[in-house]
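Here is the structure we will look at.
As written, the chain order gives the labels A, B, C and D, with residue 1 at the start of each chain.
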Amino acid sequence: MRRVEQMKLRKGMSVSQLVKQMNATGVLGAGKIGEAAELASEMFNDPDYTVFLTLAGPIVPAGFRRVIVDLIENECVNVLVTTGANMVHDMVEALGYRHMVGTFAAEDRSLRKENIGRIGDIYIEQEAFQGLEKWLFKTVEAIPEEKRRRISAAEFLSEIGKRIKDKESILAIATHKNVPIICPAFIDSIAGFQLWVFGQDKTLRIDPLLDTQVIMDKVYEAKKVGVIMLGGGVPKHFALFANTFREGVDAAVQITMDRPEPGGLSGASLEEAISWGKVKPKGRAVTVICDVTIAFPLIVAAALENHWKKVNR
Amino acid sequence: MRRVEQMKLRKGMSVSQLVKQMNATGVLGAGKIGEAAELASEMFNDPDYTVFLTLAGPIVPAGFRRVIVDLIENECVNVLVTTGANMVHDMVEALGYRHMVGTFAAEDRSLRKENIGRIGDIYIEQEAFQGLEKWLFKTVEAIPEEKRRRISAAEFLSEIGKRIKDKESILAIATHKNVPIICPAFIDSIAGFQLWVFGQDKTLRIDPLLDTQVIMDKVYEAKKVGVIMLGGGVPKHFALFANTFREGVDAAVQITMDRPEPGGLSGASLEEAISWGKVKPKGRAVTVICDVTIAFPLIVAAALENHWKKVNR
Amino acid sequence: MRRVEQMKLRKGMSVSQLVKQMNATGVLGAGKIGEAAELASEMFNDPDYTVFLTLAGPIVPAGFRRVIVDLIENECVNVLVTTGANMVHDMVEALGYRHMVGTFAAEDRSLRKENIGRIGDIYIEQEAFQGLEKWLFKTVEAIPEEKRRRISAAEFLSEIGKRIKDKESILAIATHKNVPIICPAFIDSIAGFQLWVFGQDKTLRIDPLLDTQVIMDKVYEAKKVGVIMLGGGVPKHFALFANTFREGVDAAVQITMDRPEPGGLSGASLEEAISWGKVKPKGRAVTVICDVTIAFPLIVAAALENHWKKVNR
Amino acid sequence: MRRVEQMKLRKGMSVSQLVKQMNATGVLGAGKIGEAAELASEMFNDPDYTVFLTLAGPIVPAGFRRVIVDLIENECVNVLVTTGANMVHDMVEALGYRHMVGTFAAEDRSLRKENIGRIGDIYIEQEAFQGLEKWLFKTVEAIPEEKRRRISAAEFLSEIGKRIKDKESILAIATHKNVPIICPAFIDSIAGFQLWVFGQDKTLRIDPLLDTQVIMDKVYEAKKVGVIMLGGGVPKHFALFANTFREGVDAAVQITMDRPEPGGLSGASLEEAISWGKVKPKGRAVTVICDVTIAFPLIVAAALENHWKKVNR
């Protein structure tokens, strides 16, 4: 057994130094941050790893778009598994709309009148989604109809990504870097409903079983698999379950505020995942019980220390 | 302002009497249970309501299969929006496999060796999913190939439902009662991955935009909409967002243990939903912060008092 | 291993029938409610048990005053360990002031102006505490000065209890039934601060080490100890730690919404308590993760079935 | 309304730069960290502020002893309000015993046999408390009996502090710097129970109303009051309620993982505190929903940037 080292904060200390101290305490939330940073660093550093990053919750609206982009550009992340919403908000930012700082204590009836949608304490004008629809329809029409007869959500999103010029767009960079964007429930997003409207008189058939094929190809070709899960939901489950076909992932980090006791997958422990073959019995897994917007930048900034090359581009 | 009435527990008191007392306190969790029961009772009683029930988390594994079936049979629920997993576990129970009482403090490496999957403190043998695969392949082959060329998940599930004889099966009863089973992310379930295998050499194309059509038809034809949400996830979002096309639902009850602060949709308040037009500004909405397995039977048993007819069939 | 029994809700079913079904599912929150009810019932039924009930959080303001009174009157509870606040609110109700139903979404600056204090969604007029001060000063002066020179909080509260006529007062009934009211941090309450004012020119010396004596006497004389903990805080710790002197309690039920991961005592598991000798290695312990106002009446109403005699007085 | 600035992580970035970026996003947990750091920095910088730091949960066991010591030495903190446990663990560390890195998934029955107490994933040998008792009895006997006839917990702890040589002891440094250690429920700690044993045949009368006097003196002499609350419990309530006598604190930061919905004080919002006059209507208050061991070092390290002088001593 090792000691809990007492922390010592210093002026000008780097994030990486702080995280090392957290790791040295080794206990509670700080210990988990330290352990997660170490494990993420290993995933980023070892070229044998195929790294899956899963996104649930308002990752893009909360200001983590560029962080994801940098992770993809630096080849730290090889597969993205995401809610539709995060891709919607990536497009919306690409179109020049911005998320605004609001408050949880909002007058939602007033926001409704002002056409502002609220996500926690983040505001966005509904106008953004009207702009999105117009742009999306035009963009989808530019995809050859032949392709649109049967397309995976991943390929569909990569067709979109090709047509985005914004260099800080996740869709654009992921497409550019050949990182598949797996979005098993894309239709459950604002864009998904817009595509339903589009499909009333235009051709568009998304075949999600093709998305299973896309993720399975990545699973089968991987030497080692690491997965970093921001929140739970479909992205967590889809990424983990796909990996049961190779007896589980080798390394896993999840950041969540959900509890395990009610039994939902989002709050489920990574120990439980072992029983299903989602995580290898000898795999390493860390659960950080924390707001993603606090834990994720800490972990990534600490991992940066050894691995990022193009980050100051 | 009204007083917080002090509770008085009595021997042999009925659930409905207890819930009435909770309503009379009017505060904290008990107050919310009281309010939710009242609102659910209104939804069940007023024939103008189209009631959407959304399922996330282990509703079927935890023992609520019959409760859902009774709600459907008594025409209290008109649309089901669910995770794939709950339908998988419904099929598995229909095939005669059973969920077992386990423990959160499990040795997951041992469970793995014994081929037992764990969901919180619920165990299930992996054998069940092998049995499911065999049965599912046979059952899907019985669906005319013509239909399989392009099918919504809802229609697919109703084809499955037709072929289940178990009278306590949600799929069977929902199909029988013409209650659509909307499952926007069905591919993200064990059955979904099995269908991917099936699709390697057999015809099966699920078109989820057809599911959007199924839910939208229900939304457009409704006079009033009530939604009861067990957990969050895709089912919560899909049900609520579909209803933005009619300016929001009239009544909403959600039961969740997720917190609002991290900004995820699952933990989001129903006030926030007003800003998006998911809940009408004059709609009534109650959030119960509670384990679904505790709150839901309380609310339903209280609502039973006035509305169920066939419940002792 | 036993099966998860599927629930079946029936018209007019009693709370006790519902809780039995929850026990039959055996899993997640419902399973814990069932197990807790069984264990509480055993504590209430077996005369060898000395039962400690600990109160933290707004138990009295939320409407559970009479429930506690009935438990004491029926000799189900033998020792009360409580925050000062709950006793303050018991006095305030005895003086005829009432708690009101408010809202979490309050304008707290307006409430401040209107002299209303908020506890979650419970309101109370500050006037109540002015009334309390007047009455408290008069009442304390009626305690012989000799006693006031060195008094435990428990004896002090029993002197108060003797002077309350309200038959629904916890202080009054506990005093009448010789149930000690252990309140280790009584000074940390509104009344505590009022007593500080009182002590500026009158005699009053509370000696909390005498309270340790009071609880230790109960610990040493007990054949078996059961403890039911509503919330955590000082009451939970004081009751459990006192019992380390007899190698731990035999049975424990805790109801809390706090999480274990941050390491605080309030959210700590009862497994952890075993390592400290707070719970016997062979003791039975159940943690219910639930709002107390929902779980506690369910558990008590179910336990009522077999054990209460005077409840319809 | 301002934009949510997208974060940009850089190699070698300092904690303070990261926290500034969190502040620039302005939303969710990261936004709260940014805001809290700014407010803490203001409290530390403005000599008009009397700063109260409240400690609940395993702050010392988790490795934050030196951080607290540095805050006191740098005169950033002027009053400490704490659980007894944190002072017990400070003494235990001063005696040379160490906390160890364990696991939440412990075999608590085995730990019991090995005489190891568990706090979350922190272990400590029971031997430490036997050592403490011996030392404590000797140390208390060294306090003149005259003083022991009636002593506040604060003065008692400062008598202890005088007799500790360890320069990393909170008790020692606080005593040295005249920072009162307010511990309203000191008897509810291992040392408290040891003092009860001591008191069986030696003189010791702790008078907690004297502690109220100690905190009230600080409240009355303050120009401005800032309070930083790590966890809730008695320390949070005592610090805030004392400040109702001056119409509330001017600035408040709380870090907690407790929820507001169950109505307990620990999870209560600081808006609610306004209704009680605990926080001034024009006061600034930030609640960070986070594990203290993650949020607190981030906030302090960021605040370090401008204010600490002796930190590299």
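Note that in this section a residue touches a chain if its C-beta (ideal position, glycine included) is under 8 Å from a C-beta of that chain, and two chains touch if they have at least 3 such contacts.
What you see is a predicted model; the values in this text were computed from it and never measured.
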item: Furthest chain, CA centroid comparison against subunit D; value: B
item: Of B-D and A-D, whichever chain pair has more C-beta contact pairs; value: A-D
item: Centre-to-centre distance between subunit D and subunit C (centres being mean Cα positions), rounded to whole Å; value: 26
item: Computed distance of Cα centres, subunit D from subunit B, in Å; value: 44
item: CA centroid of subunit A to CA centroid of subunit D, Å; value: 36
item: Touching two or more other chains - residue numbers and ranges from subunit B; value: 27-29, 58, 61-62, 105, 120-122, 257, 259, 261-263, 271, 289, 291-293
item: Sites on subunit B touched by subunit D in the complex; value: 27-29, 105, 259, 261-263, 289
item: Subunit B - residues contacting subunit C, complex; value: 1-16, 18, 21-22, 24-31, 33, 58, 61-67, 70, 93, 98-102, 105, 120-123, 168, 257, 271, 289-295, 297-298, 300-301, 304-305, 308, 311-312
item: Partner subunit D, residues of subunit C touching it in the complex; value: 56-58, 61-62, 85, 104, 106, 108-109, 111-112, 116-122, 150, 184-185, 187-188, 190, 192-193, 195-196, 199, 204-209, 211-213, 216, 231, 233-234, 237-238, 241-242, 245, 257-268, 271-277, 281, 291-293
